[in-house]
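Just passing along the structure, written as structure tokens.
Lettered A, B, C, D, E and F in written order, each chain numbered from 1.
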Amino acid sequence: MVGHELQHSVEQFLYREVRLLSELRYEEWLDLFTDEVRYWMPARETIAGQPDALAGDSEMAYFDDDKAFLAARIERLRSPLAHAEQPPSRLRYFVSNVEIEEAGEDEIDVRCNLLVYQSRLERTEVSYVGRREDRLRRAGSSWRVTTRKIILDQTLVPRSISVFF
Amino acid sequence: MEQSERYVKFEEGLVSRKIFFDPEIYQAELERIFARCWLFLGHESQIPEPGDYMTAYMGEDPILVCRGADGTVRAFLNSCRHRGMRVCRADRGNARQFTCSFHGWTYANSGELRGVPLGQDAYGERLNKAEWGLLEVPKLTSYGGMLFGNWDAGAESLDDFLGELRWYLDVMVERQIGGIEFIPGVQRYSLDANWKIASENFAGDTYHLPYSHGSMFKLDIRQINPANPSFRGKDADYYNIGLDNGHGMTGIVFGDERYRVDLEAAKEYGAEVVEYVEECHQRLIKALPKHQAGVYALSFSNMFPNLSFNDFSALRPIGFYLWLPKGPSRIEAWNWCGIDRDAPKVVKDLARVDFTRIQSVTGIAAQDDTENFEQVTEATRGVVGQRLDFNYQMNVGQAPLDGPDDCPGRFAPYISETNQLNFYQHWAALFDAP
Amino acid sequence: MEQSERYVKFEEGLVSRKIFFDPEIYQAELERIFARCWLFLGHESQIPEPGDYMTAYMGEDPILVCRGADGTVRAFLNSCRHRGMRVCRADRGNARQFTCSFHGWTYANSGELRGVPLGQDAYGERLNKAEWGLLEVPKLTSYGGMLFGNWDAGAESLDDFLGELRWYLDVMVERQIGGIEFIPGVQRYSLDANWKIASENFAGDTYHLPYSHGSMFKLDIRQINPANPSFRGKDADYYNIGLDNGHGMTGIVFGDERYRVDLEAAKEYGAEVVEYVEECHQRLIKALPKHQAGVYALSFSNMFPNLSFNDFSALRPIGFYLWLPKGPSRIEAWNWCGIDRDAPKVVKDLARVDFTRIQSVTGIAAQDDTENFEQVTEATRGVVGQRLDFNYQMNVGQAPLDGPDDCPGRFAPYISETNQLNFYQHWAALFDAP
Amino acid sequence: MEQSERYVKFEEGLVSRKIFFDPEIYQAELERIFARCWLFLGHESQIPEPGDYMTAYMGEDPILVCRGADGTVRAFLNSCRHRGMRVCRADRGNARQFTCSFHGWTYANSGELRGVPLGQDAYGERLNKAEWGLLEVPKLTSYGGMLFGNWDAGAESLDDFLGELRWYLDVMVERQIGGIEFIPGVQRYSLDANWKIASENFAGDTYHLPYSHGSMFKLDIRQINPANPSFRGKDADYYNIGLDNGHGMTGIVFGDERYRVDLEAAKEYGAEVVEYVEECHQRLIKALPKHQAGVYALSFSNMFPNLSFNDFSALRPIGFYLWLPKGPSRIEAWNWCGIDRDAPKVVKDLARVDFTRIQSVTGIAAQDDTENFEQVTEATRGVVGQRLDFNYQMNVGQAPLDGPDDCPGRFAPYISETNQLNFYQHWAALFDAP
Amino acid sequence: MVGHELQHSVEQFLYREVRLLSELRYEEWLDLFTDEVRYWMPARETIAGQPDALAGDSEMAYFDDDKAFLAARIERLRSPLAHAEQPPSRLRYFVSNVEIEEAGEDEIDVRCNLLVYQSRLERTEVSYVGRREDRLRRAGSSWRVTTRKIILDQTLVPRSISVFF
Amino acid sequence: MVGHELQHSVEQFLYREVRLLSELRYEEWLDLFTDEVRYWMPARETIAGQPDALAGDSEMAYFDDDKAFLAARIERLRSPLAHAEQPPSRLRYFVSNVEIEEAGEDEIDVRCNLLVYQSRLERTEVSYVGRREDRLRRAGSSWRVTTRKIILDQTLVPRSISVFF
């Protein structure tokens, strides 16, 4: 079990990170990722005998972005023609059950559970439920995300996804 | 007057908004369209080994697709003949037989009822097992590894159903060195819209590209994949093509145009990829007449009723988008990514990643489509809105274009709405069939 | 026998529970009531500037209300004429034109179809733009800044529709120094009840006050606003008044009674407020006959079919409560707070805060109403419950009271149920109309 | 042809899947079955004191069950006669009277309308209070403390309705030293299935035990309670018994077999428990003929239409499982645990804990039943699936077994499906009744 | 980033505060607010070009209470005639993503995400989702709320509101 | 208010515990309970005048297990015939609002709010909402659960329960 100072620092980092998303501060959010980040959300199926059946590295994914394409998504979201988020959704991120493991010199592995609530237009309400497995790298007094693996518990996504996790 | 004439006014280019909402029309669709048309079930590469299986839907009926010990693929209603339990609750796996979790009736993956608990003791001679195998989909045909089933034992053959579409599909299929394979995994998502809104969109709605996807085309999406089309507006040598049985294709261009784009794009990835593209082209030339081979790749299209797909390039994914009906105003979309089994790894990765980024659940194109499909639904359900028609008048009264010789289908400009009318005209014919 | 006679037994003071649940009756209401009556759209002060717009609903049809460059307010079905997309997805804003997010058809805020992408190239002469503007609500009339629309081009005028109600509304409208304005913002909430349960409540259900709101009246709600009525039971000089076309008002009192209460209350806020109250009174006396001016303020009321409102005092909010139907057993309530544009800030703040505390979504009155409206619904949907009638017999066979001379409407005691029967009698008449 | 013959093919042992989904059939069931049959309301021990009350449902109608000051139990539609409000919103409590939260009409717990606010002032002579009491369930009968109500004033008596079932219930009731009492509290859960799927299961579906509950029987469930049956397959001296009016019992065994099991089990808990079991047995022998007393305890059973129960042993709970219909594909299940009021504490605790572990919401049996009931529903709703029948052919054409003399009912093997056909045959008779 | 002792103290304060609500200990809850508290929940709309469009100070609000009226609400809830909460709802408050900023001498600004689950009678279930922006003042070893701003993400409130946030 | 080290240690224990459940590591999970544990979920009704009306000790419960029967449940779940969890559900546990009180020498009382999300097969989605009241005993550097009391806020459980809390 890591120390509580580290726990505190990481939790604050995670809270701030998702707050940037709900405040639509996408560019600042992207700055929290390292240049070589893999932003990956593998597909998931119910496969007999494989409880946590996630798609593999070169199999189906929902997201498999590098920083450049994350930037492209953000550039798109800034366009008035990005209809899926025009007007923008109201997003709420519940980050919980944060668990940390040291991963060598200046890196740590961080798991958390994530409930993302999306409210848009008059009455569209969607909830995404799952977990995240991040690799964070120390950056001065804070952190950068070097790998993000997002695993939804839903095998049927409630709506097409126009939000980040 | 045929019942459907109230809804589809072909000559005027108008379609009543009612057919996207009325629960009775929806029920009739399930009976007259989904229980009578050839429907997509998945791809053989998803179940390569004997015993492999996957689940699917035809209309709202759950289906179990199995490859038997003999290698034959069969499809069944995924519902126990005893008292209806879903026989297989996994999405996929491998099994020689399926034992129902309710009372334990056991079916071979060939469908027959193998055993029932306490068999002789419980049933004596009173159960004729031969009559109580899983209900098999009477017609199942594979084309290019794509599996299609039809509930209507008297239905025309898949070939006849594909009709003119076959000529174009052959281009997509023949181009593959190792044949199409689906990468493992499926994406599924719900959207609150009628299934026809999405299907017609792929059947012919090129007109929505510049505005619906303006934010995407503003990006340099060649950065995702150099073979990505920079959006082209009206362009004499791109066609939308309306095909018999309601199928529709968009953005078909002849004379190796798409091949040239690929070859150019391939250079960014080095010799291996260039050779691959050339090899694909060679295969086509060997397999097909020159004018057909010159099509090289397709754009986005819809196979009636609800299988949309796209195939822009040998360097991009073959996307399959199945719009499963789940009520008058609800779709469950299943997406798969097809690639050439023998493509170089660099191409496979390129295609896979491209798939996630453009037309998938998180794709920068699909997001905006969903928003539109859902809000069309929201905005048209009121009693006043329901009195109106949708407008497909862009080409009403316009003569079809002359396509190149010996190429099937009714040719229309790249930006046109005739394919949608072609879709609804066939819908109407099926709707009125006894 | 008229169809409605099975449901509304006026003479007996009984109304069948069926009309609050039956899906077919609900559909008929959308056609015969909501598509034919004058419906509330909002207030001009919400869209003061040219180009300002807001969205609304008429029945279940989404509406876009725009103030044109010429200052004229128009209302449209918020659904693209091309293929139905919601043209405007924001609740309000300012725009000269609206471009549909699907294919980019662009409409002026006057409704006409300005342009379509690739216009000439795509459509040539085949699209008659003049015929494809946004579907305009044929009748739109503003009264006291309140905007009402009617889908029935042949409908009576708003004046005729308001009928006797107009005489009382004039009191509310004329009392304002600067005219009514809505404070920016709306409250919206859902409740699982039929729209008539809420509407009839405001039309005449004074009888629910002492018990439904007993917890509120136990409080010293004068602490919220001294002009708050301490609840008064039966009191000879308070009337409920049933008006033609199904409208109903409660708690009307004549002879400056409400003015006196205001004046008393005003003293707690100093000279400025006292002067304000006096000025309001003066305005009324100048504008209206003495006996009409003596009404000074209204209580809670309902304009048929679904616009409830209250106006107890010049020191309290003018609350508007629109009960939008969203299915037989679902309401979406939209609440606005109206104030006198030229009231002193202290009065405006008083009214605004009062609004949030009493009848708003969090209001100490609305909470208990919702609980009752929802549980009425829950408790009456069974097949046995559906055989029963609701009871409105309080005043059956009772002669109307003699109200003061020259005051319109059928007068009943402050505690009575005649207004509700008046509401359902009109409902029945519309329900039977061909 | 009777309407029902399309659905229930008794001779062939087939039942159409339609009756588990069709909304119109469901509505007809509410009228013809739930508004005409004797339905379970709860147990007297839940409301022992004068003024005690509890809420319940008959079909989808909410019910209020009260014990009056005179000790008499009455049941009422839990809906105010004024305007339908749910008069009592708690699950249980004690009250002399109920005041409706809407307008404050007050009803005695005997149902009569005691007072209305502002009575004389508001209503004068215009309200005949005598006519506006709570709608009382016309027939209410208690048997062994179990309360049953019937909306049909002309219905047969509870005794006639129980018919042959009574003979077996007497065994369960007479065995109790202090009579049955329900431990305080109820479990409630929802499942997405038709009410008949669950009811028929308890009526006769012994065949699902070995496989549905295989995981449970693999455990040494005697560790939970030694009186737990280790699963027994076909066994000549265990019977399923189909009874008139659609009732069904499973696993009935004669000749003190279940007594012997109890006695054996009792030893593990010492003399007190052994004596208790012997005393239960003695009571039976005194109260009933020997061959009836020899039944000692029942297994799982269903009282038509929707009350399932089980009673395996004097050392185990008497479980009651009420399957409340909430739409064609939705059940709300209410579970209670019955015990002998005078059983030793060790036995009461044993039974209570056993109840939570086996058949309750979290029970290791109920979990798997829910999965099956729900997925049966999911897998059979498609238009093709709906064309099929459920299979109950296990014993078609088989002669009933000869049960022991003077024991009522049609006897079938322990593993059989005749009880389900007996259930649907009665369902069909009621469905066709005018 | 504030220290973890402060974080801990504030989180415990927030947890206890909402627990008092779910335990219907309204009077004790009210004691946690300063006398001059503004308890404010501004209305929210989807306004073109204004992502986080909240109503302003003298615009529409859901709540705009001072301590006196909060007390009045509580007095009302104690009445047997407060039908909306008779019998009382079962309430669950999920407080997460707590972020703190110093705000001068003895005050701090605290944001959190809030999911409020309401279950009442037999089957009414409602969830309110949003965030809170509190100003807390040090009070001995604990805190008092001097400003509470509640911002729901829903622009259509799922039911009329009979609960506190 | 207990110290933040203790808080940290308990939260990490609770996070790990529920993670073991979502990872189907049932046996490891069971090891976190003392041998004399009572795993109890009393039934709940809406009783006039009794806001938090929980069933008593010898009244109706959803769970009333000892360690032996928890083990039996787990043994059952390992059977291919445990249809309710075949194939297994996807489970997500949101543990929040953790409050701790010392309870003598080496025991503490821990309350938390709990949202359990269950996703299974293609589209079954269920949420259980409530709180937990645990008694934990110190076990070296970690903890063991000696009493677990689970209180759902739902009086109508959304589905039969095949998960642990």
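Here is the rule we use: contacts are C-beta pairs under 8 Å (C-beta built on N, C-alpha and C of every residue); 3 or more make two chains touch, one makes a residue touch a chain.
What you see is a predicted model; the values in this text were computed from it and never measured.
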(request) Could you tell me which chains are in contact with chain C and with chain E alike? (result) A, D
(message) Just to be sure I understand: going only through chains that touch, what's the smallest number of steps from chain D to chain E?
(response) 1
(message) Spelling it out: a chain qualifies if it touches chain B and also touches chain E; which chains qualify?
(response) A, C, D, F
(request) Average the CA atoms of each chain to get its centre, and name the chain whose centre is farthest from that of chain F. (result) C
(message) How many angstrom lie between the centres of chain E and chain F, each centre taken as the mean Cα position?
(response) 27
(message) Distance between chain A and chain C based on Cα centroids, please, to the nearest Å.
(response) 45
(message) Could you work out how far the Cα centre of chain A sits from that of chain D, in whole Å?
(response) 50
(request) Please set out, as single numbers or ranges, the residues of chain A touching at least two other chains. (result) 4, 7, 46-49, 81, 83, 87, 94, 96, 115, 121-122, 155-156
(message) Could you pull out the residues of chain D that touch at least 2 other chains?
(response) 89-91, 101, 188, 211-212, 214, 368, 371-372, 375
(request) All pairs of touching chains, please: list them by chain label. (result) A-B, A-C, A-E, A-F, B-C, B-D, B-F, C-D, C-E, D-E, D-F, E-F
(request) Going by the contact rule at the top, pick out the chain C residues touching chain D in the complex. (result) 17, 205, 207-208, 210-212, 214, 233-234, 368, 371-372, 375-376, 378-385, 388, 390-391, 393-398, 413, 415-416
(message) Going by the contact rule set out above, which residues of chain D touch chain F in the complex?
(response) 89-95, 183-191, 211-216, 218-219, 221, 223-224, 332, 336-337, 348-349, 352-353, 356-357, 360-364, 366-372, 374-375
(message) Residue numbers of chain D touching chain C in their complex, please.
(response) 27, 30-31, 34-35, 58-62, 77-87, 89, 99-104, 117-118, 121-124, 126-127, 132, 135, 151
(request) Please name which positions on chain A make contact with chain F in the complex. (result) 1, 4, 7, 44, 46-49, 51-52, 94, 96-99, 111, 113, 115, 129-131, 153-156
(message) With touch defined as at the start, can you tell me which chain D residues reach chain E in the complex?
(response) 89-91, 101, 188
